[in-house]
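Labels A, B, C and D are assigned to the chains in the order they are written; within every chain, residues are numbered from 1.
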């Protein structure tokens, strides 16, 4: 089963106006740099982006915010981005903030066919507004629903032609759950290898979740907080 | 009055051997530097790592290895990497023994506010709501008062809250206090050179003072 | 009338290039042997494998590599191993394109019974209830009648059911039939040497016969 | 953090009468052989065992059934065991049969702090009896609750002294979810390695879930259906 496409332009060619996208990554780590550039070039508008963060002013999803291609962000933390804050305060951008664990689990639920589940995060806060609250063994929980997307766009370290993926370090983050929750899942990888080159016991994302894969180029992997020890 | 490093040092004394600990951004991250080396503890980073090591040397920097504050880090021997759903499964499932995080306000019921200042700051809650809703033990690192001198240990939080009835212990620049199960702050220790009277004046919520209040040993 | 291998061969013709397929125990497992080699398909085993290969040679046997029927197996290049929760996340999430499983009874509404005979057999449902509740496309391999000649394609199942309104297509020893969205069996093909009349007599549920019914090509 | 115990006897020493146990494995693959033997020797009675299968007459959990140490089995498939069937039909053994995916997810929910979730498996069947049914996007789902245990007993291929585990082949199955759902989790491994010997990127069960670990002995790894190709 060969899922290889030529590159990011072909991979995102059918991303349509007002589509819902999931984009992997935590901060700028593990983000699909090549596909973000291709969507930027394509200029598709009205996007709803589900991603833990919103990039920085001049990198990651921040690039799509600048060009006003994003209608709505669904994230847990967006504090790294001044343009984001401006658009939000001016009402140009819709934003839904979700606790990080709830976001991760809602995406996982989307891929796993679980329409709703109970979680304690946000009980008694404004996140609970309008949500069912139920008590289990003396503790209160909120009912949260699955999240799915028209396109899930993920970044992995190594992948094979059948779409099996292995991530590296903490660049794994949201990528595996998102890979499972897209109607179409696009994976860009640093190294594309032949079938049989990956150890089946080490696969993080089984190929069944991935529809398109390509080897990306020129990864910048920008660092937000370069910290070193003496 | 303690500075940030003083608060971090005092919190480090709460750490026990064998603990799995999640450290929030800011002062809590500093705590790692002061955990006694004879204790064997594992630090969790909610972006998918158990076993955070020291910051890397220049030559070791790996952009694919960061903590929840987006800082470059290293891994300890025996580390494990995982995805964000697994990370919060750990947190939500009560497997993390201790959570240390910052706060803008804490109420005498143990409510905490640390994610939003309406009209001013919209950064998001990140993992804080999951952490405070699930942690077995929560220690808060905070300033006792605002720059204007207003108390941040309140009867009721004025800012949008992150979680209800969850804070167990507070280490501020002025004192160590427990949140009592029935509500109210119980004063345990004074920061060096800070009087009980000063703490009283700086605490809006109900303050319980019993017997002689010792000065912190750092 | 088809034997087991005949049923498996006929079902193999339903397989399309690029499919991810879950094969149940029994006749469905045999289907793998008759999938045209030019098709690229991936077989899922619900105990945690994508990419089931042929049975091993004696020297390749690995007790840590079995299928859902507990048979020793091998892996194809490009396989992936995972845990049972991930396996059923795949199934429940609709990522498996085709499920082929056996049945004791099917109703004209598409209900299926295949896990329990009260008072006689208590083996459990295994993964069958998850599979039938979630699969995009379900093909059932079954005998059209019991040994006593009673129809197993019924108006209503008499045995405890495994799932409701889920079966899309049936390949029996006598015929290929679709379950119609509004209920009823639509006869598509006859097994070699079996007449429409025989199928009529062997089908208790409502049977729709339109035009000439061709014989299966195997 | 050193979690190593001397062997199976020490590992299960505090397994008490009427305790709830989770036992990893699918069929006879990936079962904690050493700990089952130790519990057999110890003779603890009244156990509730949560395990996908119930072993065979003379191996796996079947051994504990023979000695009548098991009060209740919670499983998805128990068809390999004649003694089991006899005890069940005679009313000596309580049995709760759960769809396999629901079992896997209920155990995962137990470890992940999710008290309940919705799943389509079993809608309209006797499994749905007494359960809340709710419709999402036109499809019906059952509300299912988490499962947790006093002791989770798992078997891995390799493990380190901090309890990090790697499984092999399809012997992984239910082990990772169970490892997370035990109040006390005991891991027996074929090979116990020093801290730092396992690649952090390949860990299947992070050590945080494991309280005790030891290197097992004399693994029999019995095969139920030896099938070969010519």
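Here is the rule we go by: a contact is a pair of C-beta atoms (placed from the backbone, for glycine too) under 8 Å apart; a residue touches a chain by one contact, two chains touch by 3 or more.
Predicted, not measured: the structure shown is a model, and the values here were computed from it.
Asks: Where centres are the averaged C-alpha coordinates, which chain has the largest centre distance to subunit C?
Replies: Computed centres place B farthest from subunit C.
Asks: Need the CA-centroid distance for the pair subunit B / subunit D, whole Å please.
Replies: 36
Asks: What's the distance between the Cα centroids of subunit A and subunit D, rounded to whole Å?
Replies: Roughly 33 Å separates the two chain centres.
Asks: Could you state the distance in Å from the CA-based centre of subunit C to that of subunit D?
Replies: About 28 Å, centre to centre.
Asks: For subunit C, what residues touch not just one other chain but two or more?
Replies: Where subunit C meets two or more other chains at a single residue, that happens at 49, 81-82, 88-89, 91-92, 134.
Asks: Identify all positions of subunit A at which a residue touches two or more other chains, and write them in rising order.
Replies: 105, 108, 112-114, 119-120, 168-169, 201
Asks: Going by the touch definition at the top, which pairs of chains touch each other?
Replies: Those chain pairs satisfying the definition are A-B, A-C, A-D, B-D, C-D.
Asks: Across the complex, what residues on subunit D touch subunit C?
Replies: Against subunit C, the touching part of subunit D is residues 26-30, 52, 75-80, 85, 88-89, 95, 97, 99-105, 107-108, 119-127, 157, 167-177, 204, 221-229.
Asks: Under the stated contact criterion, what part of subunit A meets subunit D in this complex?
Replies: Counting only subunit A, the residues touching subunit D are 105, 109, 112-120, 134, 136-137, 139, 141, 145, 166-169, 201-202.
Asks: Touching subunit D in the complex: which residues of subunit C?
Replies: Contact set of subunit C toward subunit D: 45-49, 54-58, 61-67, 69-73, 81-85, 87-89, 91-92, 111, 122-130, 133-134, 160-164.
Asks: Which stretch or stretches of subunit D touch subunit B in the complex?
Replies: Its residues touching subunit B are 1-2, 108, 110-114, 160-162, 164, 180, 195-196, 198, 200-201, 203, 206-209.
Asks: State the interface residues of subunit B toward subunit D in the complex, per the touch definition above.
Replies: Per the touch definition, subunit B meets subunit D at residues 18, 20, 40-42, 44, 49-51, 75, 77-82, 86, 88-96, 134.
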